[in-house]
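Here the chain labels run A, B, C and D in written order, and each chain numbers its own residues starting at 1.
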């Protein structure tokens, strides 16, 4: 079950490995923001990649706030349990920690269908932490990214044989571009978007900043700090629009308002990009700025300098490529100067060696999973 | 939030203590099977006890099976998050591990309202175990019944200062009748129900057997084993109708079919009873038979012999009053003979000393609880 | 879309004709009470009749009252619009006037899929009248039972060419048994049910009494009047359990309470019967008692004496076989004496000549229907 | 129940009259797009006008298409029936014909609460016509705008005494500004919005163009025709953002794309305006362009030239101030030239004389309304 375009990018190699596996059949359910145009529908990308979508679930209830997230999850359970019950799969796979993944987890657990959780055991600094670990308690097989995560899941009382390190599948794609990931396309022409079309040959920045759910009223102020710091740098900037989330309106409106007020001839705004193209863009960028986990995972593997803002990735494992700063324009500016001076970092395999997708498919096929389980203590 | 008549009985003294506390205001939400006549509405009992019901939530989606449970939980989130968002309480309190309590937990967690969980950390043998521990991961304050439960919750990564043993509030009520709990009313006259009205003065049995969710198709066979064993004993029997649950139809239909086929002049079937009256009935019974946790908790405190059938209470702490058997008529018969021969047991405080309600209210009032939290490892 | 076992019986010959039609493909959706055991699931009967069920929709929200009906309809729209949108049929067909048929009508109309309404334009005495005519305003092709109904639909502003008399498909089945509908099976053996097994050879009564939605609190009293009248007659009686509806608990509990209080060795209670078997039972009965439209439709065609109680069939066309009475035990008793004295009536084709199913299939196949339409004035 | 900002503007004087009436109490429910920021929340305006909002209902399910409209209506029934059941009003009032008003109508009808429908009996050219007349069949008192509408409702079988012409309450507000509705504020300063801030003293155009639900894929092309015509005129233009609706993305994206491509220093885009301010802006404008009913109603009363595009207002009564054109840039341009040449028209009372709000309140207070009703034929 894919509920966001970012989750799709992250899991893509696992989907391919499952689809091609002799003993597995892929049934792909696309739901929540992943089916909505407003957030850059993942549907087109998924179909272009050659996957068949088994079911589409429209369960986003508007409100732009916490109540909307809760109700979206509730409707997600109603709709996903219908769909999953109808498909009667042998296992259900869910990813990471977005709020609406809880709908997948509850549907599978309540229908007595074994649940596989990818990327459990990680820690950060917001409601996602509640969601991620609650999903761990509802899951029957845990395929985690790092040994740190593995230790945590086992400590939470899960049976050790059911907690296996695969690395993160997002690194698999990064591996494909790590060797010769030339920027072999014109991003403006291929992906549209809005804003100027500044030259990318001489280096550029990427910004990916999501609203932080537990502080959503501050979302607008937070985005303005980043906008100001980047604006002052006058560097070519490729800005990726935030996901649907509580506060997305604060963030989105902050960006819109800034664009109305300033003439910005060095920024371009994208909604979406195919995963491989995105990684090529990332591979060739001078510095990634924002609060996406991309800065910790793919950027580390590709050796891209990264500035991580705020608490969203709090306590997640990080390699040497990351500088952490607050939502503060001066701090962001200073970190940017440091990273541009430093340049590329050596490759890190902290989050995987590039074979996670295959490992995930093999483990799902070979592990005998049951829906019932018990605490180890 | 009360979602079942049994949960109400268990939490009643805590509600009273909260209601009477100088620094707390009780907002009582009654939902799910607790508002439905078919399962013995808890509404009348609650109001007769003097509590004001703030909101009633009708969220049970029929189906009598696993899909219905999942969808009921989804609708519960939609409705409870509306109600809770409107009331804007300082904390939300949820109890135990019924499937629909997940709706309460998610609503509170997603609305960033601190969640208090009562009876976390216990273990048993079905899907409830997934639900209970997932709720632990969504909760901010854990008020547990036993030291064993406390240790488990702390091991799961919860901050130790937020995990406190209060004992189980169900024992508080038991304390009231422990001294002189005479059967000072006629249960047939006061509570109606169906079946014969056999004499209760010379000792009687109680049966409380719920369908077990992960084995629901076997529910009918399981209830027939118990029915046969009790039928052969020819003892006066007070039988309590099962809660709404997957398989309730299997259990209910098993009972109905048995009654159609046999002339039974020594059994009576009740839907519901006021908590205190039920405890008086329990205190004076010769043996409790079934798979309810009452056999482990209240019966232990009151020294009532108890026969626990099947895996529903698997791995829960138990005192000496319990004999465990399979769903097997012969085993049940033999255990019954043993328990009737043995008679009353000494009081056990394994599940509390009778002051849990007051402790719960005091801790809610005095603890500074926040919605955000982190794993301890 | 079938939402109740009674609707299925009524529409069965049309389903067969659609299924066998060269230019039509039948996609059968079974929803609401028709998928629930508690009300006598229609699923088994439908599958035994050889129809393939395309989708099952569980949308009944419990409550036993008006709020439950409204919410069931709301959930029905959410679920049916998902299913219908996925199937993308050329037309949607809905039947009659049950409250939850509104969910079918709204789903089709809002999805811009042409809607065919069977049995529009009839009148009665409760909320059904609002629902039926509202559905007329949402429908694009009206296949009605009588010329009276046709006139009403046209008066409501519908284009006359889209309002066609087919007769009622329920009469088609009646035609099959009209000739030699011997009672060639033992109803107790074949259909189970509860109660005594009185002799049916010497004549018997049938009772079918549904709760009336706008007076649901009186349901229990109403059923008691009928129970008393029938009880006093001491005639062999085959009683059919009511549908799910607001007040079903009043009616059901009334029946249960009556059975607890009286020893009744001449009544048997059925949940469900295959349509053809039911018609054989009807054909051979001495008198039909209750408030079902069967008394006006099939009974008229088969010449069976009928006692119609209360306002549920108010203003519906009726043949000479019907005596109308109030919910009054004395009036019912007297009417029963009159009907038993009179015996069988001549066949009436007021509600159709037995070829409605074929006409319906042919009209759906041959009519060019669009979703848009305009008032004729 | 208010479900859109436009409906609020239209009904405002009736709300005031109800609020101030000695025998009525106003319980105001705000739902659907009226509570969402993205469409210009009506909440602030309503509260600024001094009304207390009794309940807010978030029921918009995203999708931007027909399925989303159906599901939004389904969730609306679930949520509104909860709220209305809790409030237990004597009557429920719904307005006009937006798709989600069906949720209000069904909730009231199924709860047996009398339903008052304002603006029934009108005709136009899309799905709204199905919705409007279906609501008529669910309503118990019809307060209509014109004598034409009255005749239609009576023809549909409604009891004549329950169908009363009040005029349209939107005209009441227009009456307030008809005398001296100076543009006594700076719309850019007061209402923000985006785009240039062209001079309004020398005359300006207003555009209000909504997507047409049954043709939503064409929405983008349709808006481009209007954009081109207006762009070529180079006239100062105040553009009002469309409501939430199927196709809103097509329309919205069309506007956004046009703005990206063209430098437009004579247009400004608003999300929302207080009703009285809007009418002042309308009163002083040179020509209204689009497909809103404002062009037929308020513009006629105020004598403002109006260009009505497409079929959305098809067959609605219109005064001499309206020129009808297709979605065609040349036709729109030509009509604009004609209207600018003609200038203001004389006042028309086709849609009311300015006292509808008071009439509505008086009729609700004085009419004995029941939930049950029958066709007159």
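Note that a residue touches a chain if its C-beta (ideal position, glycine included) is under 8 Å from a C-beta of that chain, and two chains touch if they have at least 3 such contacts.
On a predicted model such as this, the values are computed, not experimentally measured, just so you know.
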| item | value |
| --- | --- |
| Identity of the chain that, by mean CA position, is farthest from chain C | A |
| A-C against B-C, pair bridged by the larger set of C-beta contacts | B-C |
| Mean-CA-position distance for chain C and chain A (Å) | 53 |
| Chain B and chain C, separation of their C-alpha mean positions in angstrom | 41 |
| Residue list for chain B, restricted to those that touch at least two other chains | 58, 67, 71, 75, 78, 82 |
| Category of the chain touch graph - line, ring, star, complete, other | complete |
| Touching residues (chain side chain D, partner chain B) in the complex | 55, 58, 75, 78-79, 82, 86 |
| Contacting residues of chain B [partner chain A, same complex] | 66-67, 69-71, 73-78, 81-82, 85, 99, 102-103, 106-107, 109-112, 123, 125-127, 129-131, 133-138, 151-152, 155-157, 214, 315, 371-375, 377 |
| Touching residues on chain B, where the partner in the complex is chain C | 35-38, 58-64, 67-68, 71, 75, 194, 249, 256, 260 |
